[in-house]
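Alright, structures below, take your time with them.
You will see two complexes here that share chain A, one where it goes with chain B and one where it goes with chain C.
What follows is the complex of A and B.
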């Protein structure tokens, strides 16, 4: 025991960790769970990296067709010997149902991803309402945070594509065609995608590219940004409390305690709780592997996206595409410039009521779309927004001369 | 001084990115209000043209479907060219003049890119998108199908019409007809010659 204590002290001394570990943290931030949500997202990222490493070893990207054995958990699998599925799907099938602990590994990866997305949204809204971009160096932290949030959603979609189940195929098809609305106005996005990926429909090359992006490129950028963010927080401190009274606020900010062991213990506790919740979710609501899809197969009507993008689905379905396609880009870009616009006044909620309202509008847009997407089957034209349609003469006649065959 | 410089550079970066993104966002909106056709480049169908074969004699067999098979119903073919894959549905369209016309369409929905499902039984009558509920009807009238039924009822000679075999939008959010694939018949087979993706 004594030797361990000595070793710990030696590590702290030789790696010059004392200053880092014992940096002062305000007491209010340690006690208020609103200041921990970012930690939840960061911890999920590490869980995802660890489980993702194991999954990446077992997964093979590819579109060539292989056989999948019938699965008693899947509807309609009785009586048939084997099922055709893509190589990607088969390898995920093997991970899920034929590898020891593979099911749990994949479940932890999925539920950590959902936890991370949820935490990212919650963290964004909390910091928006608290106005934490007003702290020292807060603008840069806000920029890093919004970029990380954007990359998180990207990662979710990329990861959703990889098994190439039915919904994954739909996700990649939407991803490849999402920005093609620029094609109508002479910006050749279609050709750009084509030159980058070689195809506008999923092929071996495209799925390999997505695999590399998902396991290497995007996580690398995310870890760099996360490092910058932690550095920025060490420099600028945690966000100030939203108290109007200057005296009280200063007092709250001056009451500090060292990160280690005070906050460190809380963080460890939070991580353990988070892992337990994830394991509970895995045990109570395991997410089965969705049904396979091979090109040309009929897609059942009424397919829905997973909840992180459900709000987008709702708006895209009910509003004219020329308006609704750009909604997420608009939300992200506007979020980026918020620190430049909200400069006057204090940090309290009374003084920043306009920006708190804007934050609530953000929550409302995403929340309303999500709830509506789950509750109702959105009719085709729900809103009376003007329909911006491409003029009919813009589409030229069916190419070629029709040739009749037979009688 | 240094701080001033940094502030200017930051202002430049942020200003130009905001301007660029704002421009990128408003281009479709403004463009659709102004005459979109005048702004568009010469890209027909606002799509990329892919020539699968120069003429029907040198088309690869894998991009073809026997007519006898099409008589059983529409058939899906994954057209290949190099690394490129194009999902296509071939089918016979029963026209109002009583003849059967082979036709093929790129089955990527023009709204958001989902794969569309062919509709109708033995003959191809249209496509439905499972994601956001767009419907595409194939015009089966060799004289063209009315864009607006009421307008054509009043003035049958001068109303706008969809051309024959065009897979025009009959419902849902899709902005434009499905991208077509040019087919040619040689012997008892239908070959894909040119595709728009």
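What follows is the complex of A and C.
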């Protein structure tokens, strides 16, 4: 035991970790769960990177057709049929069902992704309500956070496309349609993206590009931004507590604990708890691989996206596309300019109730769309209650299906 | 079930019940002892962790034996493999939960020691 303690002391000394480990953290940030949500998102990113690395070794993108057995987790699938599926789908099938512990690996990746998206949304709204961008350096952290949130949603959609199930094809259609929105304003973003993809329909090349974006490009940017964010928090401190009384707020900010062992023990506990919950979800509610897509096949009605983007899908179907298709762009742009608009007053909730209301409206827009998307099977006939109509021309995907040439 | 391979060992359901019993008793004991003495809570958690590690190793052993058995690959085999993997995930979840309890318990004790809010 003594030797281990000596070794630990030696590591801290030789790697110059003392200053980092003992940096002071305000006690209120340790005790208030609102200050842990960002950690949950960051930890999820690391879990995703580790599991994603293992998955990337086993996954092969491609469109060539192979015979694939049915998904044992899908209701209504029986052992007798064999499906035609793409190489991408088939390789995910092999990882999930024919590799020992591959099932757990993929499920942890999926549930961690959902945990991360949930934590990112929760962290965003928490910091919005706390007015974290008002402190010195808070605006830069806010900018980094919004960019990271945007990239997280991107990563989710890109990852969802990779198995090339029907839901993944729906994701690529909706995702590419978003770029077309800029064409309303005469900015040919949609055409630029299509030129980069080099095809009007999903090809080997397109799926390879999505794969590279998902495993290399976007994560690399995310880790750089996260590094900058952690650096900013380390040297700029955490958000001040939402207390109106100046004296009490100052007192709370002065009460500090060293990061090690205090916050360190808490963070380790939180990571273990988070992993425990994710594994419990894997054991109790495993997610199926869904129906395979075959090149040329149209996405049938009834296929719907997962919950992180369900709100967007709902609005695209029920509101005029001029408003709905570009909604995420407006939400992100608005989030970026919030620190410029909300500059005066304190950080307590009573002092900035207008901005708290704006945050609640923000939550309501996403929450209402998500809940409605699950309750109502979009598309359906026009009803006065929900105003849901069949998809307008604008939501016709950019990516069509290959047409047979010649006899 | 039309299994191409046969598992010689505890069924997935039996394993799940045993693991759940160990996990629940372990979690209640550790949580209770955290209010008395953290040191004893840690020892108890370690004891339950050892039992769960043995169960986990046993389950993983079955999974590897199943997947490497000649003739593995039928629909029923895959379903069985998934069931055992779900049990393994549950056992791992319980192990991490006990470790999390001890870690957060340690923070709570640090709070008390430094005259925190308690």
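Some observations on this one:
The criterion applied here is as follows: the second predicted complex is superposed on the first by the 349 of 407 C-alpha atoms of A that agree within 3 Å, B and C clash if a C-alpha of one lies under 4 Å from a C-alpha of the other, contacts with A are read in each partner's own complex, and residues count from 1 in each chain.
Criterion: a residue touches a chain if its C-beta (ideal position, glycine included) is under 8 Å from a C-beta of that chain, and two chains touch if they have at least 3 such contacts.
Treat the numbers as computed from the prediction; the structure is a model and nothing was measured.
By the touch criterion defined above, A:265 lies against chain C but remains apart from chain B after alignment on the C-alpha atoms of chain A. In the overlay built on the shared chain, the residue A:100 is in contact with chain C alone; chain B does not reach it. Judged by the number of chain A residues each one touches, B leads among chain B and chain C. Residue contacts after overlaying the shared chain place A:231 against neither chain B nor chain C. In the superposition on chain A, contact is made by A:279 with chain C only, not with chain B. By the touch criterion stated above, A:147 is placed in contact with neither chain B nor chain C. Judged by the touch definition given at the top, the superposed model places A:27 against chain C, while chain B stays out of reach.
Within chain A, no residue touches chain B in one complex and chain C in the other. The residues of chain B lying in touch with chain A in their complex are 14, 18, 21-22, 24-25, 27-29, 31-33, 36-37, 39-41, 43-48, 67, 71, 76-78, 82-87, 92, 95, 98-103, 108-109, 111-115, 117, 128, 130-133, 142, 147, 160, 162-166, 171-177, 180, 182-185, 193-194, 196-197. Chain C meets chain A in the complex at residues 60, 63-64, 66-68, 73-76, 78-79, 81-82, 85-90, 92-94, 96-97, 99-104, 106-107, 110-111, 114, 116-117.
Considering their complex, residues 27, 30-31, 69-70, 72-73, 78-79, 97-101, 103-104, 107, 257, 261-262, 265-266, 268-270, 272-273, 275-280, 282-284, 286 of chain A touch chain C.
Against chain B, in their complex, chain A makes its touches with residues 169-170, 173-178, 180-188, 190-191, 194, 198-203, 205, 295-296, 298-303, 313, 316-318, 320-323, 325-326, 329-330, 333, 337, 340, 380, 388-400, 402-407.
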